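Shared between the two complexes below is chain A, which has chain B as its partner in the first and chain C in the second.
And then the complex of A and B:
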């Protein structure tokens, strides 16, 4: 408790204007981006790496700016963003399904040590199974059972997201100190009251840490789910196509990877923003 | 100030043993004590003599290994269900996601007070502990002493009939401490139905100033060494501390503490 006093001065930064604060946050990012770009072209020049192995940054940028279908179609960057949006939708669906499943499992495990001991090995084991192998089974299987395409893919994303949420939430639901619990007992609080007024709020920092991991994992899951046959949309499809033509047009794959990274970043940012809103009264590190 | 009325708390030959691995810790040994309704009792003794344990047993946060314990002629468990206890723990134990006001309102929320009642009680209690302007602050924005005062306001908020305080003023400076002592006595004597207070402290003058009786404890095994009746007149104020009798009693308690160390 006492260490709280030490970090008080941090909060005097609240007096800064919003614009100045934004600048202060963006500046380090900008430095890193500029540094990376320089390193890219520097390495390429130093070791004289040919364009097929490492394309020029400018060719990746101009790839975004070119048009599909031999110049008559829409801008490629537009097309990629449409695909990114499809992937994001699947990832978000999986994030929600996996998040709810993880939350539920954590809740069950805190209620019963027996169930935790019985089921936890399978929960952990599920994550060691190669997702690439499961994806076709689930997507094709669910598709034949009449599930919409996006839902089948979302299940793959959920497969990756429920795990960090289960683990994080389990830790969070046990985070309340024994004294905080004793206080509740001294009020003869009901189990529901203890959950709503103590365990749940005490778990939120842990939950959000898990959700941030889950957000990025769900994007990976969505992309992997798009690889098996039949998909027509999504970053996964774009990556697959670009990989086929990598020898003649490497910048396409780099562009796709860049977009995939951006989808993950945006998703992460959304979760972080939600955290700031919901857990706003607490000091959030970093 | 033992009165003729039947005691509110009765401990009879209470023992508490903790098992840590193969070790046995005899935290309380054959503790017998009767506390009258409305009495102000202090527990004093060296660290580890079982003061907090005794409080936790009475408060039904822990079960005795043997012996009997009755609170208002009920089991401690029943008394807890009836919300007879207000507890101030050794640490403030504030919920960090709640504002100071919301922390004080916590027991009231659980006990089903209306929002208007909660607001009124919390305002009143925060003023009482001198934190009237800090309702919207968060615990981490307060000093340790201020946090402890919030926890006192929270314990008083629902006017429990038994108030248990574990070194509540330990984190306060001498001046604030004496002010809080006077304030506590005022609250205690003002209450419509007199509150019974069990007060744990390390300070001899504090125990003497506040109490009707001071229970001197000694460690290994934790037990009651002696009980000193404090016959100082009430109401007590800063002049009480200058009475010759005050010093006599302080000496008596100190001797009790020295006996077994």
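And then the complex of A and C:
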């Protein structure tokens, strides 16, 4: 069975301690963040941009710490998390639906060159249609069929996520080397065995790369989907409300954008953690 | 090695499917306030708290017979004081007292309430009359059952130093207005003064903020009294710095927020007219409540703003301005709330025809007094 290694990208195990690794990863991030914060306030000071156009960082931070409903409601950081969770739920639903659809399409395409040639242009074409244009159609269409709002929203998120998974998985399922395939054939392995023992494992690095792209795309899809769905909560709703009150409360919009970015980061992190779990701390050697 | 990874893959699938289940649950929790705004979300206990009197109110419901009717109201825009009457009717149990289980769906830039009502996803919708007439002409039989706003909140703002004191002064100026159905007040006014919108002024499409006016990139910009006017003032200006052109005074104000239903739904079952009448009755009570309890209604609106972005100051301003549109300025307690004045309809329909919103004259079946009469007992 050791011969199967031929098919896999070569891995080496890393022996650095987890803490040192974490530090090494956090340090550059910290530099960038500090740099950005300085640039923000620097630009503001240099061009003397007023607070309505570009609020102080401190007022964005204190926005999170203030209470909604004029001081009687919950902390805005909590309220933002509630909205972020609603968006994350939709994004995750779209991620799973799109992931499975992408996987399925890739599987079909590897089995039939004819289907791949016939359907691939539509798959590619689907991604050039602006999601803003189709989102209301999907919401109204699925709504008429009696689907709950969250499912319609998840489908819009899925629309953005199936594509990278299809492309990544298609490449991954073809990544097995011809020597490994020849070896499997010489063992008289069945197509199912070849798929399960060779093609699928060989595709994992490609799958996870695609899933990371899909994770962030699904958050965008979820936010876009919230607006035509008449949602009462979610980051899309916050952005809409904050944009409306931008003249009087500009920091709200920046806070909403910040939260949207955080949801994308967290989602990406979850996929990356899953990858580590599955690929067991082994990394592709360059 | 691949044999070792196989269990891991199954593990991944398991985790994914577990997460899917968890997500399905959380997504539903996240959406819980949509079906019924008065049912607080599990993870947002402070967002919407039903009043304790609701249950009692339902017990002696006059129109109650059997299970409450489930109906949905599609708003034109996000939850704000513009729609305070509906949220108050829900919060104060007026809908429940009429044996109605009402869901309020907020609107947004991509939502056409007409489409939502026509597709049956909502029974009631809020929008301006011109938009309704246009959809109706395209073959979707919608009908206005109540004109909530008697007066228009649409204004044209300019800085005092631009010296625009009458529509006549717009000549040669750069004028911003929202398109897509919000420009007809201005166009009707220009027509009244024989100003050609293509050659005599420069029309600019206005975004949904007031920066064009604030940065003096235009001479005049459209504003709703209850929203954009406040935004200009909150950006550090006073009302004395502005000249405000009031379309109501010019007699060129198009009818704004009105309630419409689908004719098909209205006639589908004999009880639907009764449901509509009960809905109007409770809605009118909601608006009366907001007329008499401005602060309480502001709180109700803020409770329904899950984004948490809205401020009490802005919503109080909005509530007071909206009350003037519903009840008149000064507030007239005896105003016939919701009654579509035939002259107002006629002006709206004629203006819509004049500016190509519709191609054939709208007939009077685009609105009905029947439900209003059922609701109020007036003839």
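Everything that follows uses one rule, which is that the second predicted complex is superposed on the first by the 264 of 286 C-alpha atoms of A that agree within 3 Å, B and C clash if a C-alpha of one lies under 4 Å from a C-alpha of the other, contacts with A are read in each partner's own complex, and residues count from 1 in each chain.
Everything below uses one rule, namely that a contact is a pair of C-beta atoms (placed from the backbone, for glycine too) under 8 Å apart; a residue touches a chain by one contact, two chains touch by 3 or more.
Everything numeric in this text was worked out from a predicted model, so none of it was measured.
Engineer: On the A-aligned overlay, A:240 touches which partner chain: chain B = first, chain C = second, or both, or neither?
Structural biologist: A:240 sits against chain C, while chain B stays out of touch.
Engineer: Can A:197 be said to touch chain B (first), chain C (second), both, or neither?
Structural biologist: both
Engineer: Tell me the contact category for A:149 with respect to chain B and chain C: first, second, both or neither.
Structural biologist: It touches chain C, and chain B stays clear.
Engineer: Applying the document's definition of touching, compare chain B and chain C: which contacts more of chain A?
Structural biologist: C
Engineer: Taking the superposition as given, does A:96 touch the first partner, chain B, the second, chain C, both, or neither?
Structural biologist: second
Engineer: Shared contact residues on chain A for chain B and chain C?
Structural biologist: 1-2, 4-5, 7-8, 197-198, 201, 204
Engineer: Given the complex with chain A, which residues does chain B contribute to the contact?
Structural biologist: Those in contact with chain A are residues 56, 59-61, 80-83, 85-87, 89, 91-93, 95-97, 99, 106-107, 109-111, 138-141, 143-144, 147.
Engineer: With touch defined as at the start, can you tell me which chain A residues reach chain B in the complex?
Structural biologist: Of all residues in chain A, those touching chain B are 1-2, 4-5, 7-8, 177, 179-180, 182-189, 193, 197-198, 201-202, 204, 279, 281-283.
Engineer: Within the complex, which stretch of chain A touches chain C?
Structural biologist: Listed in rising order, the residues of chain A that touch chain C are 1-2, 4-5, 7-8, 52, 68-70, 72-74, 76, 79-80, 82-83, 85-90, 92-93, 96, 99, 132, 135-136, 140, 143-144, 148-150, 154, 196-198, 200-201, 204, 227-228, 230-234, 237-238, 240-249, 252, 256, 274, 277-278, 280.
Engineer: Show which residues of chain C lie in contact with chain A when the two form their complex.
Structural biologist: Contact set of chain C toward chain A: 1-3, 5-6, 8-9, 11-12, 15-16, 19-20, 23-24, 26-31, 33-34, 37, 41, 43-44, 46-47, 74-75, 78-79, 105-111, 115-116, 119-121, 208-211, 214, 227, 230-232, 234-235, 299, 302-314.
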